[in-house]
Amino acid sequence: MRHHLPATTTLALAAILACSTDREATDTTTPGVALLTPGPVSDAGWNAGAYEGLQRIGDSLGLRISHQQTLTPAEFDEAFISYADDGYGLIFGHGFEYQDAASRVAAEYPEVTFVVSGGSRPSANVVALIFQLNEASYLAGMAAGAVTQSGVVGMVGGVEIPTAKGTFVAFEAGVKAVREDATVLETFIGSWDNVSAAKEAAAAQLREGADVLIHNVDAASFGFFQSVREARERGRVAWAFGMNRDQNDVAPDVIVGSAAIDYTGMFLRTAQAWRDGTLGEPVYSGLATGTVEFLPNPAREGLIPADALERIDRARQAIIAGTLEVPSIDFIEKEDPVSSQ
Amino acid sequence: MSTRNGPCERRGGSESSGLAARLRDVTKRFGPVTALEGVSFDLVPGEIHGLLGENGAGKTTLARVLGGLLTPDEGRVEIGGCEVALRSARDARALGVAMVHQHFSLVPRFSGLENIALFNGGAWTKRGMAAPGYRERVEARARELKLEVELDLPVEGLGVGARQRIEILKALMSETSVLLLDEPTAVLAPREVDGLFAVLKEVARAGTGIVLVAHKLDEVLAAADRVTVLRRGGWVLTREAASVSAGELAEAMVGGAVGGHLARGAAGGQRPTVDRGRTAMDERRAATPAADQLVGTADPAPVASLRGVTTIRDGEPALRHVNAAVKRGEILGIAGVDGNGQRELARVLARIRTPDEGDATLPAEVGWIPQDRAEEGLVNGFTISENVAFALHGKDSCRKGPWLDWAGIEETAAELVREMDVRATSSTATAANLSGGNQQKVVTGREFLRSADLLVAESPTRGLDVKATVAVRSRIAALARHGDHPPGVVLISADLDEILELSDRIAVMVRGRLIPVPRDAHNPRDIGELMLGARVRPDENADGHAGETRNTVRGPEGSTPGARSAGGGPP
Amino acid sequence: MSTTTLRTRPPLTPALTAATALLATLAVAAALLALGGYSPGDAFAALFRGAFGSWDRFVSFTLVRATPLLLTGLAVAFAFRARVWNIGAEGQLHAGALAGVAVAVALPGTPGLILIPATLLAAAAAGALWASVPAAMKTGMGVGEVITTLLMNFVALFMAQFLVQGPLRESRGVFNQTDEIPAAAHLPDLIPGTRLHLGFLIGVLIAVALWLYLTRTPGGFRLRAVGASPRAAEVSGRFRAKPVVWLAFLTSGAIAGLAGGVQIAGITHRMYENLSPGWGYTAIAVALLARLNPLALVVTAIVFGALSAGGGAMQRDAGVPEVWVRGIEALVILAVLTVDRSWQALADRGSRG
C-alpha cells in the first residue's frame, strides 16, 4: 500500500501542473522592470517604499513588473541573471549590497540597465541611485533642536552603512544649527529588523536624558516608537522622528515629523528616464527634485514653534538653491579599484 | 474494546466456561514470519501455568496476544468465558488481565507508592501525588498477597527483586483474573526466585490464573501446576507439572534430536534441585568433553593474574583486594549474585579498566563475552560481518593497505556462522534480526576469533534456550580443553549449574571480594550459601580454606616472572 | 530464532524517500497556495523552471545553491555518524569564511595555485578550531555538545559582525564588509560559461572520501561503531570513544569551515555580516534525509538546492511572496522527515516476534 503513495502524489502534481496558465506568451513582448529587495516588503519602510514604486511603474507606465526578496549574494546573481534572461530591461537592486552582483552580471548583459539604490560603483549600465535623505534629516534635526527641552537628542540606527550614517551626520548638524550646546547620542543596533534591540537602544538613550529621538532602523522602528510611547506614558517628555517613509501615521501620538523619501516618484521617474533613454548616472535626488522631504506631523500641529518652522523653510530653500550644503557621506568610488571582470 | 458476544457481557460472563482465559486456534504473523500457528491454550483460575519454549518459540507472542498488545490474525481470544477483541493493553486491563514485562515500566525517580498510584487510574491526583487513603489500600493488598514491598524510596535505588514485587503489586491492585509474567526470573538471583514463586503461589491461591513465561525447566517445574510447551510457533504439549519429567519437557522443547546433554542429564526424572541435583550434575559433568582434564596438564605459568586489585566506582570500592590467577587450559568459575563486582572484574580482566590499587598482569589481547550481548556484545544495526569485524579489524591479515579487507572478513564471518550453527540467512543479516541464542553464538564465536590467551565469559548462557545453552557451553569447554594453545577462561556466572558443569576451580564473588571455594565444597548448597553471603569468612574450616586460598589465589606470586612474561608476551 | 525472522525492509533508497515526500508536500502546498490566492500551477511551474528549466539554470542556480548545503551537510552527517550532535556547522562556516578572507586579503599578488589552497586550508582550520571548543568541553567536562555548538554559532555570528565592522572592514571604511579578495583567490569555474565553481566538485570529492573512509577503513569502522553504540564499541571493539569524538568534531568543523571558505572564494569574494541564511541548520535536514550517507547526501543537497533555486523563481514568475516560499520549503523538510520516519516504523513492524 505504501508504494502507491508516490504514484498518487505524482498524479496530483501532474493535475496541478496541467492547470497552470501559460504566462510566458503574453509577457516577453512588453518591456519589464524588476525589483530585488533585501528584506520583506511588509516593513513599512525601505522595502515597502520600493515595492510601491514598482507597482506604480506597472500601473502608470504599463510595464511588466516582478519582485524578488533575496538573502545571499548567490541569490543576487541568480535573480539578476534570471530577470535579464527573461527580458527585463531595467532591474532595481534596492540596497548597497547589490553592487557587487550588479557589477558582475552587468558585464554579461550590456543591454540591461541595473539600478543600485545606494550603489557605490557606477558603470556603463549600472546606475547608482542616491537618495539625499540627509537633506531632509537636516531639517528634522532643526526641528528636534527646537523641540528638545533637555538639550539631549538621540539617534538609533540599524546597520552602520553610509546612507544611514549620512542621515545622522546631517541630523546632528541640523540640531546644532538651532541649538549649539545640544548633546547628540548615537547607537547602531546592527540589524534592520531586531525590534527588541531597537526598543532597548531607545530606552537607554531616554535614560541618558534624551527627550527627542530619531531612528534609521527600518522594520525595527516599531520597537523604537514603542519605547518612546512608554516613556511618555510614564509622564516623561519624549518625542520621536520618523524616517525613510512618511511615518507620521505610524505613531501619530509621539512623532514630531518624518524625514521621508518619495520612493514611488523616484522609481517612476527613473523608469521613465530609462524608457526615454535619458537615464544618467549616478542619480542624486534630494529636496530639489521632491524625492525627499521633511514632513511635520499634522496630528501634532503647533509642536514645532512657528519661528522654527520658518527657519526650517528658509534652510530648505537654501539647500534647493545650493547655498547651504548639508553634511553627507560620499561613498561613490571614483575609479574602480578591483576590476575582476 | 469491543465484545462480540453480547449476551456474555450482560451476564458479566465469568462462569460460562470456568476458564480464566482461553485461546482457540490463534495464529499471528509478522510479515512472512508466523510467530504462532493455530495455538490453543487455556488458563484455569488459581493455577500457575508455565509456558515453555526455546527463544523464538512464540511464548512472548502468546502472552502478548492475551495481554492485548497484539491482535491475532486468526483464532479467538476468550477472557472469563467471553470472546473478546482486545485492541490494547488498556482493553485487557479493563477485563482483569495484567502483564508484568521483562523490562519493568516504573518511573525511576518515583517511590513504589507513586508508581503504583500512577498506573492505577483515579489514585493519582491532579497535583501529582497519590490520593489520600490510597496508601492504606496498597498496604492492605500487599499484606493480603504476603508481598514485601518498599513503598517510600525511589525505585531507582531498589534491587531488581524489590522492583519486580512493586511491578507485581501494581498489576494486582485492581481485580485481576489473569496475570502474565514474561521471563520474570531472568533478572533475579536464586534466592529472589524462590521469593517470587512464593508470592505467585499466594496470588494464585486467591484465584488469579497466572501465565509464567520462562525457559528454565527446573524453575517452571518448581513453580507451575501445569506446563505448556511451544516449539517454532506451534503447540507441542500441555501437561500437569507433577506428571512430566524435565527430560520429557526438554525433548518437547528442542525436538529430540538436539540438546543431548541436558535431556540425558535430566532424563532420570530428577529435578535439578539443590538436594538431589548431585547425580544429574555429575552426569552432566561427565558428559562435557574433557571435563576430567584438570589443572595439572596445563602450562604452570598463569596467563593472567590479579594481585590485590581494588577499584573504586562512584566513591565505593567495587573490587576489594582481589587475588586471582588463571592458567592455560583452565576454567576458573566465578559464581555470585549479580551486582557484587563481577562487572568490574570483567572490565579489569578485559583491560578496559585499570585497577586503582594492586597489579593486573594480563595478556595483550583478551576475549570477552559480555553479559549484555544485545547492548555490549553487538551493535544491533551492524551486520554479522561487521560485528565479527570487532575482533578482526586490528589484524594485519584483515587489511589491504589502508583498507579493511571486507571480503576476507565476510568469509571469516560466514565460516563462523557455519561453525557456530548460527541461524541466519547470511552474514549480511543485521544483529538485531537474530534471536538471543544466535546473537550469543555470534559473540562467542567472535571472541574465540581473537585467539587470545584469556577469555572472559560473563553469564554466557543467560536467557538462552536449552539448545543454545548446550552449544555455547560445549564450545567454551572445548576451547579451553583442546588445541595446542588453549586460553585460560574466566567464567563469571550466577548460574550455579553452569559454574559446576564447566569450572576446574571455583571462587565466589561477594561484595567485591573474591572468595575461593575449596574443592570439597564444590556443591550447590555450599556455594549457594557463600553466594548469598551466609559465610563470607569460612572460619569453621579455616585451615583447609587457607590452604586452598594459597593454592588458588596466592599461587601466582611464586611465579611472578612467568606471569609478567605472559602479560607482555605475544597475543 | 529461525531464518524466517529476518526483517523485510522495503528497498527504498533515500532518494526515493525524498522524492515521495516532496511530491506529497507539494500537493499540500498547492492547496495552501490556492487558498492564498496564488496559482499553484504557475507557482510549481516556476519552481521547476527555476531549478531545472535549462542546463544553465540547473548548473548555475541549483548546483550553486546546493554547494554550501552539500559541504555543511557532510559536516553534520560525519559528526552524527559518531553520535556527535554538531549543531554548530553555521558557526564553523562563519569562522571558516572569516579566516579564508583574512588569508586571501593578506596575500595579494600570490598566484592562485598557492592562494586558493591557502584560503581553503585556512577556512578548514578555522572551522576545526571553532569545533574544538565544544569538543574539549564534551570530552573534558562532559558538557553536552548540542548546547555548546549551538551557542558557538552565536559567538561566531557576533565575531563576524565585529570583525567586518572593525579590524577586517574594507579599506575604504564605508561599508560593513571586508575588502574583495584578490582575483587569484577566486575559485575557477567548474563548467565554463556557467557560474558553477570548483567548490561543488570539492564537495562531491569529500562526499566520496567520507564514504570510503566510513565503509572501507578501520578508522571509519571504529567511528561507526562508537556512533551506533558507544557501549558495544567499548566492550566489543575495545574502542575508546574520546579520540573518535575528537576526530568527528574536528573533521566536521573543518568541512563546515571549508563550506565558508568555498562560499567566499567561489561566490561572494568578500565577507560581510550574515553571510549564511542558515545553511548550517538546513544542513541537518539535508543530512538526516540522506540517512547520514555521504553519497546520498550529494542527491539530497541538490534536492534542497533545487527547492531553494525554484523558490526564487516562484517569487519572480508567480508572484508568491518570500514568506510563502519559506513556508513551503519548511513544509517539505517536515514532510520528508516524517515520511522517512514512518517508513522506518513500517519496516520495523515486521521484525517483532
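Before moving on, here are some points about what is shown:
Per-chain residue numbering starts at 1, and chain names A, B and C are given in the order in which the chains are listed.
As a convention for this text, a contact is a pair of C-beta atoms (placed from the backbone, for glycine too) under 8 Å apart; a residue touches a chain by one contact, two chains touch by 3 or more.
The shown structure was predicted, so the numbers you read here are calculated from the model rather than taken from an experiment.
For chain B, the chain with the farthest CA centroid is A.
Centrality annotation: C (chain centre taken as mean Cα position, compared with the mean over all protein Cα atoms).
Separating the centre of chain B from that of chain C, both taken as means of CA atoms, is a distance of 46 Å. Between the Cα centres of chain A and chain C there is a gap of 33 Å.
Taking each chain's centre as the average of its CA atoms, chain A and chain B sit 75 Å apart. Of all residues in chain A, none touches two or more other chains. For chain C, no residue reaches two or more other chains under the stated contact definition.
Those residues of chain C whose C-beta lies close enough to touch chain B in the complex are 1-8, 216-218, 221-222, 224-225, 228-229, 231-238, 349-353.
Only residues 2-3, 5-6, 9-10, 12-13, 16-21, 23, 34, 40-41, 66-75, 77-79, 81-83, 86, 96-97, 100, 120, 159-162, 190, 329, 331, 333, 338, 340 of chain A touch chain C when the two sit together in their complex. Of all the residues in chain C, the ones that touch chain A in their complex are 10, 16, 19-20, 23-24, 26-27, 30, 39-42, 44-45, 48, 50, 60-61, 64-65, 161, 165, 172, 174-176, 179-180, 183, 186, 195, 263, 267-270, 272-273, 275-277, 309, 312-313, 315-317, 319, 321-323, 339, 343, 346. In the complex of the two chains, the chain B residues touching chain C come out as 30-35, 55-56, 58, 61, 232, 350-352, 368, 370, 372, 375-382, 386-387, 389-390, 393-394, 399, 402-404, 406, 423-425, 429-430, 432-435, 438, 443, 446.
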